[in-house]
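Labels run A, B, C and D following the written order; every chain starts at residue 1.
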Amino acid sequence: MSKKNFKETLKKVDQFKIDEDTNIVELIKSLKNTGFNAKRLALACEIYKEMIIDEECIKFFGLAGALVPVGLQRIIYDFIAEGFIDVLVTTGANLTHDLAEALGYHHLQGSIDINGINDEVLHSEEINRIYDVFMPNKVYERIEDFISKIKIPDNQMSVSSFLSYLGSQLPKTSYSILRICYDKEIPIFCPAFTDSGLAMQLGFHYQNLNLNHFKDMLKMVNIAWDAKTAGVCILGGGVPKNFIMQSLQFCPNSATYAIQITMDRPEPGGLSGASLREAISWGKISEKAKYSTIISDVTIALPLLFWYLKKIKK
Amino acid sequence: MSKKNFKETLKKVDQFKIDEDTNIVELIKSLKNTGFNAKRLALACEIYKEMIIDEECIKFFGLAGALVPVGLQRIIYDFIAEGFIDVLVTTGANLTHDLAEALGYHHLQGSIDINGINDEVLHSEEINRIYDVFMPNKVYERIEDFISKIKIPDNQMSVSSFLSYLGSQLPKTSYSILRICYDKEIPIFCPAFTDSGLAMQLGFHYQNLNLNHFKDMLKMVNIAWDAKTAGVCILGGGVPKNFIMQSLQFCPNSATYAIQITMDRPEPGGLSGASLREAISWGKISEKAKYSTIISDVTIALPLLFWYLKKIKK
Amino acid sequence: MSKKNFKETLKKVDQFKIDEDTNIVELIKSLKNTGFNAKRLALACEIYKEMIIDEECIKFFGLAGALVPVGLQRIIYDFIAEGFIDVLVTTGANLTHDLAEALGYHHLQGSIDINGINDEVLHSEEINRIYDVFMPNKVYERIEDFISKIKIPDNQMSVSSFLSYLGSQLPKTSYSILRICYDKEIPIFCPAFTDSGLAMQLGFHYQNLNLNHFKDMLKMVNIAWDAKTAGVCILGGGVPKNFIMQSLQFCPNSATYAIQITMDRPEPGGLSGASLREAISWGKISEKAKYSTIISDVTIALPLLFWYLKKIKK
Amino acid sequence: MSKKNFKETLKKVDQFKIDEDTNIVELIKSLKNTGFNAKRLALACEIYKEMIIDEECIKFFGLAGALVPVGLQRIIYDFIAEGFIDVLVTTGANLTHDLAEALGYHHLQGSIDINGINDEVLHSEEINRIYDVFMPNKVYERIEDFISKIKIPDNQMSVSSFLSYLGSQLPKTSYSILRICYDKEIPIFCPAFTDSGLAMQLGFHYQNLNLNHFKDMLKMVNIAWDAKTAGVCILGGGVPKNFIMQSLQFCPNSATYAIQITMDRPEPGGLSGASLREAISWGKISEKAKYSTIISDVTIALPLLFWYLKKIKK
């Protein structure tokens, strides 16, 4: 781009105001005219909106971090219920915690600053800590009860097929991610499934279990291959990010839309914090893609993103 | 606290939902029942609300980071206009940029990802970059014009008195922080004033200028000393944080309320990222204080905080 | 601990010096008497030293991040060759890149600041970028050649058994992690194996492949179960961290030693950045454990750790 | 740069080894052939070496963060003693702590993980906490004794002249930064001097004190103006970074060499974390400059940098 052209792309920063009439859509519109992460958030909102409007777009959604324990289960449930997600890739931990909530148990919140409360005491009390969220160990016992009673259709079925089966066994009235994905026929991929409490319970009870991970890997590649248009939204990073990205290399047009919300940064070189731009070199994201990385705790940025999408959909 | 007591303090994490009726006050209420930074944001909203309701509370506000260039000038202006700030401590850069906007110039926003646009080209085009916000160098020339025409009442006046005078010279119709602070008689402290483009222009034009920094230091200590109740809200960290904190050591009850929004972290040991808890050891914050640090870009968290305060005030 | 006792635990910070006679062991000793991350690094060096001296200690090692591409393959190779690792848990990416190096290909380094070089150009040149490290796409073609010629002993063998077989097929003269683990009979666990270029090549060529992940999960639990003493060193975080940690819950004494080198932080609640203290609540790390988290790029801290261990071993 | 040229700039990543003969110079040489922050550290070492060899280079050094409390006083002292610094810009806090050490008092280190030790207790014990470093409050009393006895030559002298005078009053045998700067006639600039415990003691005792900050600002601009070649090394960020940078705009050739060691990042838009590239747009750093930002805790990277410089100087 020539010097002259660049200057013409610059726009005035609006010193926006917030008043009694402000709503989420207007706030995001205002943030679009700023910079730093506020602008990135606004850009992400617009990009996701386009992903929804674009009927050909297959929407990949990556889920890492303790999002169910912290209270975002319902938001993710609603992303799926609203049709904002076509393919879900997640850590096993979020499925384990989703199952716990579906079975009627709850996570707890508390201050980690209270004097004299420490991890040694928590251990003796059998309360597991996830930063400032807590889960009594007994929840695992109830998961075990549940797991011990299911009838696994096939020891060699793919992980995603098993997760779909698992969803079918959960109460329809719950706000379970597993259940809504079953109901809406949204595949759940979990490439590191054995890295979870849920899989450990399964392994202990069904010693011959060999859920197929390779079938899922190929299925995911095929979904990407068949996608005329692909969009991706990554919460956190980790395996869900990489698994979506490696598949998008096989999408004829690569991803056209890309969003990541993360606290990870590019400089240490890990994939979690890698810029979305970098994915262009790999052919994972298209040169013409619209993309935005928001450096933010997901717990703050995701509700805003959903609120915006919900409001504009109405 | 005994084991039993701690368990009783734990509360259920609500898997909150967002729907058509959600407003900012309800969203913050929902986030209060989660964890991680979402909960910290909700806590900060509640704490600031209490600071406002508590009529004896002197509200100290620290401003670091390029908040005016990025588009938060009006939000900060409204914090002052609404009576949410009693004492402002800022970097000189924000005052320089505030002056630029007050004089009718604007900051620009643009993508830093556009191919072929780089800092070498920007330099030859005389456009200064602040991450993805831009300011033509010629703005400084206009600041210089303005500075060359003012009549400094006293070469040895305190920095805060000078800033008050400067505010009085700016158009009442602007959304200038300098102007609204003058109008509302809110002192502005700027302990590193000579570390700014504004001070450089002053220094070049008024070679005998020796604005008094020590007077301000003592004035600030006296304000803290006289405060029956003190509350503090820090954006970023840096000198504004430390300057407020060192003064609060002289507040008889230390700070009763404390909020910080920052991306800095405690581990490298700098004051910017130091936990608010640490300030208790120094007597800067009270043992009984309510406090919350939000690890977030200010550009995302501050508009939410203001939106909440504005809404509950109505 | 009583007030009096705490005061007695405080030690003088030494204002250490570096001179001509300084060596790595003395430097680390000096850093022990400081604070912040320097002290954490020194503590980690001491802890790893104890792990090595303690003959009963099973040393778990977690490997996440692009450590082979960046040039740490030989350091990790030597960790294994020296006997500093008993169980390796890794991402699939590091194995893919290890294979590339073992087959004679190289990663490249370059500046990401050079004007006019961008990811679109890299894509058209078929050069994949990993921050400031680069890998020509053709390397994958050679991996494919290699993969197409191997004879997989059993389509349902465990991932770790397969990786051991793969190591046996590589040149003994290379500094391959896969090879040295085969030679030294060190098991490699890769719970998210299908999240890698290597696994994709395998999947494309061997459509009936269903390497068993559950067997590895149980094998890992058994190793932890049998360990009288356990020590853990985590580079980065991610699946390797969680997989080691979930297994350590079954270690009778939990981990006695724990080290993590990472740029991730606790506040966003993810497991990667979770403090090692938190793992005490889960019974993954012992209440009596010695542990240290270093907030540092692995590329800086790991060579220092290895250098120290190598020197004291002599 | 053309496509072909870029490819030619790429170099092989060496899988370096560490053995018995490794020394710091060879380690840095090895790290040069890697990527991520290790390579940035190696680059910084080379750049500083060039700054020292280049006899025309004026070496600006910015000091932010609690570097004296944590144990780096002697390293910084030796940077000055060795002639590696020509102009020092610092926070007031480091000077306050330097004075404390010069007067014979010490900082303490301790674990912040010990159960039951908390900031409330520390406050009642009058021990101030700086992450995991501690300072008894009584140190301030002794600083007060010292301050009450000095004879300030001129109430309106510049801050840097005052600091030089202060250095002259300290024992020659100490490893005080203030003292060595006096001895070597290295100016110390402290633009936010009144934001420090030292300045508060001065203000309380000498009510008419009005140390001149503007004179220093102009002096600093003149030093930059006169520099044929300028090099800059920033520890942390904050006011010292900005104060050096704003002056370098007046250096005819801008900075030719630039190094920053920091944990701050560019995305939130603050100057502390701004990339060194960005400074090119402002004319602070030359288009032709060699520069390197190391994302690292200063406590780890600075000793390595000094060790390297000391070794190659020999």
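In the analysis below, a contact is a pair of C-beta atoms (placed from the backbone, for glycine too) under 8 Å apart; a residue touches a chain by one contact, two chains touch by 3 or more.
Quantities reported herein were computed from a predicted structural model and do not represent experimental measurements.
Placing every chain at the mean of its C-alpha atoms, the farthest one from chain B is found to be C.
A comparison of the C-D and B-C interfaces places the larger number of contacting C-beta pairs at C-D.
With centres defined as mean CA coordinates, chain C is found 41 Å away from chain B.
Inter-chain centre distance (chain C to chain D, centres taken as mean C-alpha positions): 33 Å. Across the assembly, chain B contributes residues 35-37, 66, 69-70, 115-116, 118, 120, 127, 130-133, 263, 265, 267-269, 277, 295, 297, 299 that each touch 2 or more other chains. Interface residues of chain B facing chain A in the complex, by the touch rule stated above, are 1, 3, 6-7, 9-20, 22, 27, 30-31, 33-39, 41, 66, 69-75, 78, 101, 106-111, 113-117, 121, 124-125, 127, 130-134, 175, 263, 277, 295-297, 299-301, 303-304, 306-307, 310-311, 314.
Of all residues in chain A, only 64-66, 69-70, 93, 118-120, 122-123, 127-133, 156, 191-197, 199-200, 202-204, 207, 209-218, 221, 236, 238-239, 242-243, 246, 263-274, 277-283, 287, 297-299 touch chain C in the complex they form.
Residue ranges of chain C in contact with chain B, taken from their complex: 35-37, 115-116, 118, 120, 265, 267-269, 295.
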